[in-house]
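Next, two complexes with chain A in common: one pairs it with chain B, the other with chain C.
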Partner chain A sequence: MKVTQGTFSFLPDLTDKEIRAQVEYALAQGWAISVEYTDDPHPRNYYWEMWGNPMFDLRDAAGAMTEVADCRKAHPQTYIRVNAFDSSRGFETTRLSFIVNRPANEPGFALKRQEVGGRQIQYTIESYAAQKPEGQRYE
Partner chain B sequence: MNTQTTPSTANGQSVDLSALLADSRVNEVLEELDAELIGLKPVKARIRDIAALLLVERARKQLGLIAGSPSLHMSFTGNPGTGKTTVALRMAQILHRLGYVRKGHLVAVTRDDLVGQYIGHTAPKTKEILKKAMGGVLFIDEAYYLYRPENERDYGQEAIEILLQVMENQRDDLVVIVAGYKDRMDTFFRSNPGLSSRIAHHLDFPDYARDELEQIAAKMLEQMQYRLSDSGRDALQEYIPLRMAQPHFANARSIRNALDRARLRQASRLFVHRGEPLSRDQLMTIEGEDLRASRIFADGK
Partner chain C sequence: MAKWARRNDMILHLHRAGHGTYTRQKTHGVSFRVIAKWMRMAGVDHIHAGTVVGKLEGDPNVIKGIYSTCRDTVTKQNLEQGVFFDQDWAGLRKVMPVASGGIHAGQMHQLLTYLGEDVVLQFGGGTIGHPQGIQAGATANRVALEVMVKARNEGRDIWNEGPQILADAAKWCSPLRAALDTWKDVTFDYASTDTADFVPTPTSA
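Coming up: the complex of A and B.
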């Protein structure tokens, strides 16, 4: 099951050329690029691992693309995303975030039902991959 | 000979170099370079050569001739104040207009920006700078400080190796210009043959002659909206050869400093007569006495 998180996630995976164009756009807006990765695909997992520091003062996409390539090399079987952070007053938040790498095999999510007081059912999801310990999830 | 036809005419294709030149608007930068920088004949000639090469390369590309982008890493050697940084800035503009670099900005760094203080600190630091410089020009001032043979544990070597790798593999992404004094750069290149062989253009910046320094002074004053009185002009003409004979003469930089000090003296001279109204002319004029108060004239007597 293809994980759909962030911008462009319902499109086919972006090619390197398309990623570069998006990064160029973000840089032209004055946003700072950062690269993050994780092997926990839960949609509420906000805390991905940082791949190096956010790249402020970047002028060209080539720098960000080398970081993406390095991160893919080090963590080929993880989700990697590119974030663009807008520091301008009033925003001060991520303006663009999209997945640039995903594991070859994505097992998807299990639906869990929990019976609570009054036979009420609470629903939650759990990633099959996240049942294994961190670092062994997509081997 | 009639049989000698170039492939392009044989195919009936041709490119107009002058149209390409006009299109790139590189001529404006070259003319600015000529007008704003005094002297430096060999440097300007080389810049024109490089511009021509890149234009021809572009023309070849239009006709489908592939040669791979030429290596444009450069070394600027010369005494202090000969215009290395200024030319590097212009070089970034020229390369941008010719489409060789994508963004055309200049990132000027020294050893401190590249080399870390402990193990594992250097690589991220150097890579950070390289990322910033991508799409533009990386200018490494006093590059010989990167290599410290007296200390075998020095991290400078690590920075050089990362630099070499990027210079070789990401030629399209950035141009590296190393700069420094001639003799020290020569020893630096001798001990780092890998670096020397990856730098295609070695530009030597000559010292300025006396009349060139006078023109530079005139240009600087014009930019600062000052002018010399007749006595001021005479004083400057005497000052320049005296200053040139002094130790630590730093070409244009020394002239700039001398003019800054003259402005200081002019200001205090005007301040003495603060009761009277000052004309625009007075505020602009540097008199002979402003320059003659210099230490250099005192030493000569």
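Coming up: the complex of A and C.
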């Protein structure tokens, strides 16, 4: 099951040329690029591992593409995303975030039913991949 | 209500009932821009701010003025948009504008051009009315939005190339194909009666 998080996740996976075009757009807006990766695809997992620091001084998209390539080499079987952070007053938040790498096999999510007080049921989801320990999920 | 909503983990949405009063009757006394400003100060989270292209017709300039009132950090005087003086919003939180009412995937290039991306696009009938079901309707709208944002960021002229961009995406996305076929002829091309009082007079050089 293809995980759909962030912008462009309903489109076919972006090529490097398309990723570069989006990075160039973000840099033209004055946003700072960062690269993050994770092997926990839960939709509420906001805090992915940082691949180095956000590149606040970066002006050339080539620098970001190098980081993406290095991160892919080190963590090929993980989700990798590119974030663009807008530091201007009134935003001070991520303006663009999209997935640029995903594991070859995405097993999807299980629906969990937890019986609580009375006849109530609480529903939650759990990634099949996250049932394994960190680092062994997409081997 | 804004305080209650925050305490109880709720989002406070302001639905624009009485749209006809605001947009078809100039003499009722209160511009919707005033309501928007008042609601931003009151702590509303999202507000129906007008759509331009849907059935809740609006003059593009008037709508821009309302959107500025919701989203700007500093709003500059703009008489065409009905903004009569500079307004510095300081640290006042923004309101997310909501566009809705008779909009569908085929208008995505117009919606993105007029309203930008910091907006909630509510496709009601444009989702539920999809011939393949609600999930297919949601997929069609999301694909149309993403493909249009991507094209705009790549520097393409979405206002003119928009229909072609959507048609190209429909080749690999059958829900979008069905949505475009279903709603292709649905437009609401009204001349809005709620226009700015100020009209610029062109001067010959």
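The criterion applied here is as follows: the second predicted complex is superposed on the first by the 139 of 139 C-alpha atoms of A that agree within 3 Å, B and C clash if a C-alpha of one lies under 4 Å from a C-alpha of the other, contacts with A are read in each partner's own complex, and residues count from 1 in each chain.
Note that a contact is a pair of C-beta atoms (placed from the backbone, for glycine too) under 8 Å apart; a residue touches a chain by one contact, two chains touch by 3 or more.
Only a predicted model underlies this, so the values are computations on that prediction, with no experimental measurement involved.
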Based on the superposed arrangement around chain A, label chain B with chain C as either clash or fit. fit
With both complexes superposed on chain A, which partner does A:77 reach: first (chain B), second (chain C), both or neither? neither
Applying the document's definition of touch, where does A:62 land relative to chain B and chain C: first, second, both, or neither? first
Mind working out whether A:18 is in touch with chain B, chain C, both or neither, as first, second, both or neither? second
Thinking of the overlay built on chain A, is A:5 touched by chain B (first), by chain C (second), by both, or by neither? neither
Between chain B (first) and chain C (second), which does A:94 come into contact with in this model arrangement: first, second, both, or neither? neither
With chain A at the apex, the angle to the CA centres of chain B and chain C, rounded to a multiple of 10 degrees, reads 90
With the two structures laid over each other on chain A, which partner does A:52 touch: chain B (first), chain C (second), both, or neither? first
In the superposition described above, what is the shortest C-alpha distance between chain B and chain C in Å? Please give a whole number. 16
Chain B and chain C footprints on chain A, overlapping residues: none
Interface residues, chain A side, partner chain B - complex: 52-53, 55, 57-64, 66-67
So in the complex, which bits of chain A are touching chain C? 7-12, 18, 21-22, 25, 89-90
Would you tell me which residues of chain C are touching chain A in their complex? 72-73, 89, 94, 139, 142-143, 146-147, 149-150, 153-155, 169, 172
Help me check something: in the complex, which residues belonging to chain B touch chain A? 102-103, 105, 124, 128, 130-132, 134-136, 170, 173-174
